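In the two complexes below, chain A is the common chain; its partner is chain B in one and chain C in the other.
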Partner chain A sequence: MEYVASLLVLIGLYVILASSFNLIIGFGGLISIAHPIFFALGAYTVGVLSTQFGLHPVLSIVAGFVVAMLASFMLSLPSLRISGDYLLITSIGFQLGLLEIIKNLDFVGGASGLGGIPNVVQQHRSLVFAAVALGLAVAVVLGLRALVRGPYGRAIQAMRDDELAFVALGRNAMNIKITIFAVGSGLAGVAGGLYAYYYQYLTPDQFQILQSAMILTMVVVGGMGSVYGPVVGAVLLLLLPEAITFLNLPSSVMGPLQGLIFTSLVILFLFLRPQGLVPSSKRLSAGGGHE
Partner chain B sequence: MLDFQTLLQIFWTGLANSTYAVLLAAAFALVLKVVKVWNFAQAGLMGIAYYTMYLAIQKLGWPGYAALVLGAAAAIVAALAMEVFGLQTFRRRHSPPLTFFIFTLVLSELVQYVLAMVAGTEPVSLAATIMSASYIVGGVVVSEWDLKAIAVTVVLMALLFVVMKRTRHGQYMIAAADNPHLSRLYGVNVRRVYALTFVLAAVLIAVAMYLFGTRASMVPNTPLEMMLFAVIAALLGGMGNVFGAAVAAVFLGLLRAFSILVIPSAWQSLILYALLFITILFFPQGVRVARRARKKPAANSAAAGA
Partner chain C sequence: MSNVLSLNGVCKRFGGVVVADQITLDLKAGEILGLIGPNGAGKTSLFNLISGVFPADSGSIALQGRPLSRLPLYARARAGVARTWQHMRLFGSMSVLENLLVAPTDYPGESLWRLVTAGVSVRRAEQQARERAMHILERMKLSAIAGANVNDITFGQQKLVGLARALMSQGPLLLLDEPMAGVEGAAYETMRQIVREEAAAGRAVCVVEHNVSFIRDLCNSAVFMAQGRILERGDVATLLESKTLAELYFGQ
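Right after this comes the complex of A and B.
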């Protein structure tokens, strides 16, 4: 039961991560690989606030959201000013650079990690966390569904599909890009906060490029630009590694093997089923996304 | 402590260490210019070339030049396979740029994981010792490696210049870079031009990794960071300006070398990312002011001293 509950926590967290990343890359058409760093920022914000200031869990998770969102401006403002292409390159640098900073800062534990995050749930710990994580995941998915099906969502997709026409209609594409990037990143920060409270221990290594590959795989396999695609992708890709843990391989092989599975899945899907398992709605599905 | 001798030493070592960065930046800029793809798979090609040479030298006991040929061959095969089976398919399908980005980047990661599984994550080096014979010239330590690396880089960049500016194939490359559709109408085989570009890039990458490997050691995820350096140089040099990228790589290499004087070593690795941000913020189109004036010097310095 404990095992199932902890798996459910992970599923909830990754559904939030994959869905928020899908908002950025699938709906917004903004290519970034820095999603794990916002996850990390949320987690570290919670870690520092709860260990050093003893802040209330809800407040510190909100702080995690705000910090991740503010950090997203640091990435989106300079790079989106020029063109979408630059975002990817800056995001690689942002991801690696911030992790490097975290490794060198003493008050967040440095390379050895930040421990001692208080346990905020005493009874039925995993079950409570699973309920919170899944509840939040459902809220995020439904919220995003409402967002992209509403007028603002139509504006987002219009901007993605033909930015020139969109601007010609007098709309501000820059505002939309920065907003969805901030919202997506903030949601990753929330997932990070939850992660910190559940595992009570953080190291910079947990937020490496493997995480980027994993979240990207969930979105590509599930279906970019569809609301439920990343949910399917997240569930599937969390259950898959659980299956190979039964093979009892040494951890030095396990890590790379997982990475190998994720990356080859992405490549296979790019070739064979670019629209993902759950294609986005008909209007957009031509050519597996957008032109 | 900060006497002239020290500064000169830092300059020389920084210059020598920027040689492989120059080759990598040129390779990246070349593909970007002609094929119009941000070739993030370059890190994968670097890994393949490096570990092939490692296998040949350390496990099979081949001499250096034979290993280099084998490494270059492996990089060429990998690059062509990626172009033929990957990029051509996506071009035919008119896939969105997103697909190209994800494909090249994920390919690099895939190679990284394969290498980690096959070769482990211990640092490996190509040479038995990274020390090489050195002389003292005017109070500055000059090693044989420095001289060899600089000579090789200068010769390769000069060759690249000649190929691009003086041969038929080079003209095709520039034509295809300028307007692939029009060049096709004029009878240029654009596909072959792209393939040639990848072959040239693969050779540059293999030589760069050979130089790097006889000086330092690396683990499977080193190429990603090294590639970032090449990307910054390509951005700074101006999109699609191959020799501008090479000059930018020298400049960045020297900047990094001299930063040792002012920045503590724990924060050294951050310089690269700071530079990336400065570049994106202030020089998104490359260094424009100097560009027109630099076009000739860039070519000359590539031919005369990089």
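Right after this comes the complex of A and C.
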């Protein structure tokens, strides 16, 4: 039971991460891989606020959302202004650079990690966390669905179709990109906050490039730019390694095997099914969207 | 009548290529001005300079007396510069109606914050945009295909959708980049009719067009451009008979 519940917590967290990353890369077409750093910023914000200031869990998770969102501006404002491709390069630097800073800051635990995050749920701990994580995941997915089906989603779609024509109609593409990036990053921060409370211990290494690869794989395999794709991708990629553990392989084989699986999945999907498991409908409200 | 558009000494060069050389031009409400000249004369570049696709090196551009030169592309559109594109640039994954709805009249849902805080006003604006869009499509006899994907309609219809999308703007200036290229039959008639109506309603219209009969039919006056310069401005008939024009056009 405990095992299932802890797996459900992870599924909830990664559905939030993959869906919010999909908003940025799939819907917004903004090629960044720095999603884990916003996950980390949410987690560390909660870590610091709860251990050093004893802030209420809800408030500190909200703070994690805000910090991740504000940090996203540091990346999006300079790099989106230049051009799309620069975002990818800057995002890598941004992620690795910030992680390096975290490693060298004593008050966040440095390289050895930040522990002692209080346990905020005393009874049925994993079940309560699973309920909260899954509840939030459902809310995020439904929220994104409403977003991309409405006028805002139409604007995002048009921006990707032809940005010049879009801007010449008086739409501010830069605003939209920065907003998408901020919302997606903020949601990753929320996932980070939950993560911190559940595991009560954070190290910078959890938020490295491997994490980027994991979330990216979920989105690509599930289906970029489709609402439910990343949900499928997240569930699949979390269950697959679990299934392998039942093979009772030694841990020295397990780690590399996981990396191998993610990589081969991406390559496989790239060739065989580039649209992912759940392809995005050409336009979600097909037929002109009469209501 | 006051000028809708006034250009004064506008210059632009890309490296060694001069696309606009001291362009001075004005356009009044209700006027339809033809822009003619050989390929590479700088006609489309002039549209790009006015609408803000790229900034001018020097000179001033004003819309109803308001300087545009420092405004970016999107802000000029909001200030009232509406344009079409030679290659239409429609939003290919969307329906005809949706293409128009991307160009709202008051930009609802532009910021996510407003979308969250002002759901009702966004819905109302969306309703208004739909009504306006359907009205425009009806005028163009396109309402029957409002739900069709823009890639599934005829070329002439696509050209009309490009114009319809620009007409979502209520601004005083309309720039049409080769609206008739490849268009014939019913779409041709509709295009002519709509442009005439828009001018009659008080818009200033500037048309780049190679179709001489369209220019002759529609324009009050025309400007002849070559190598980034305005060589002559006058009434259409005189200009079309001008010797310089024939020489430049036909390379004699």
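In this section, the second predicted complex is superposed on the first by the 277 of 291 C-alpha atoms of A that agree within 3 Å, B and C clash if a C-alpha of one lies under 4 Å from a C-alpha of the other, contacts with A are read in each partner's own complex, and residues count from 1 in each chain.
Convention: a contact is a pair of C-beta atoms (placed from the backbone, for glycine too) under 8 Å apart; a residue touches a chain by one contact, two chains touch by 3 or more.
Remember, predicted model here, so these are calculated numbers, not experimental data.
Shared-chain residue A:244: touches no atom of chain B or chain C. Between chain B and chain C, more residues of chain A are touched by B. Of the two partner chains placed by the overlay, only chain C lies in contact with A:152; chain B stays clear of it.
In the overlay built on the shared chain, the residue A:263 is in contact with chain B alone; chain C does not reach it.
Contacts of A:162 after superposition: chain C is touched, whereas chain B is not reached. In the superposition on chain A, no contact is made by A:4 with either chain B or chain C. Residue contacts after overlaying the shared chain place A:93 against chain B, while chain C stays out of touching range. Residue overlap on chain A between its contacts with chain B in one complex and with chain C in the other: 287-290.
Looking at the complex, you find that chain A touches chain B at residues 25, 29, 31, 33, 78-79, 81-82, 84-86, 88-90, 92-94, 96-97, 100-101, 104, 209, 213, 216, 220, 224, 252-253, 255-257, 259-260, 263-264, 266-267, 270-271, 274, 287-291. For chain A in complex with chain C, the touching residues are 147, 150-152, 154-155, 157-158, 161-162, 164-173, 175-176, 179-180, 183, 282-283, 286-290.
Those residues of chain B that touch chain A in the complex are listed here as 38, 89-90, 93-99, 101-103, 105-107, 109-110, 112-114, 116-117, 120-121, 221, 224-225, 228, 231, 235, 266-267, 269-270, 272-274, 276-277, 280-281, 284. Those residues of chain C whose C-beta lies close enough to touch chain A in the complex are 51, 53, 73-75, 77-78, 83, 85, 89-99, 101-104, 107-113, 115, 122, 126, 146-149, 165, 168-169.
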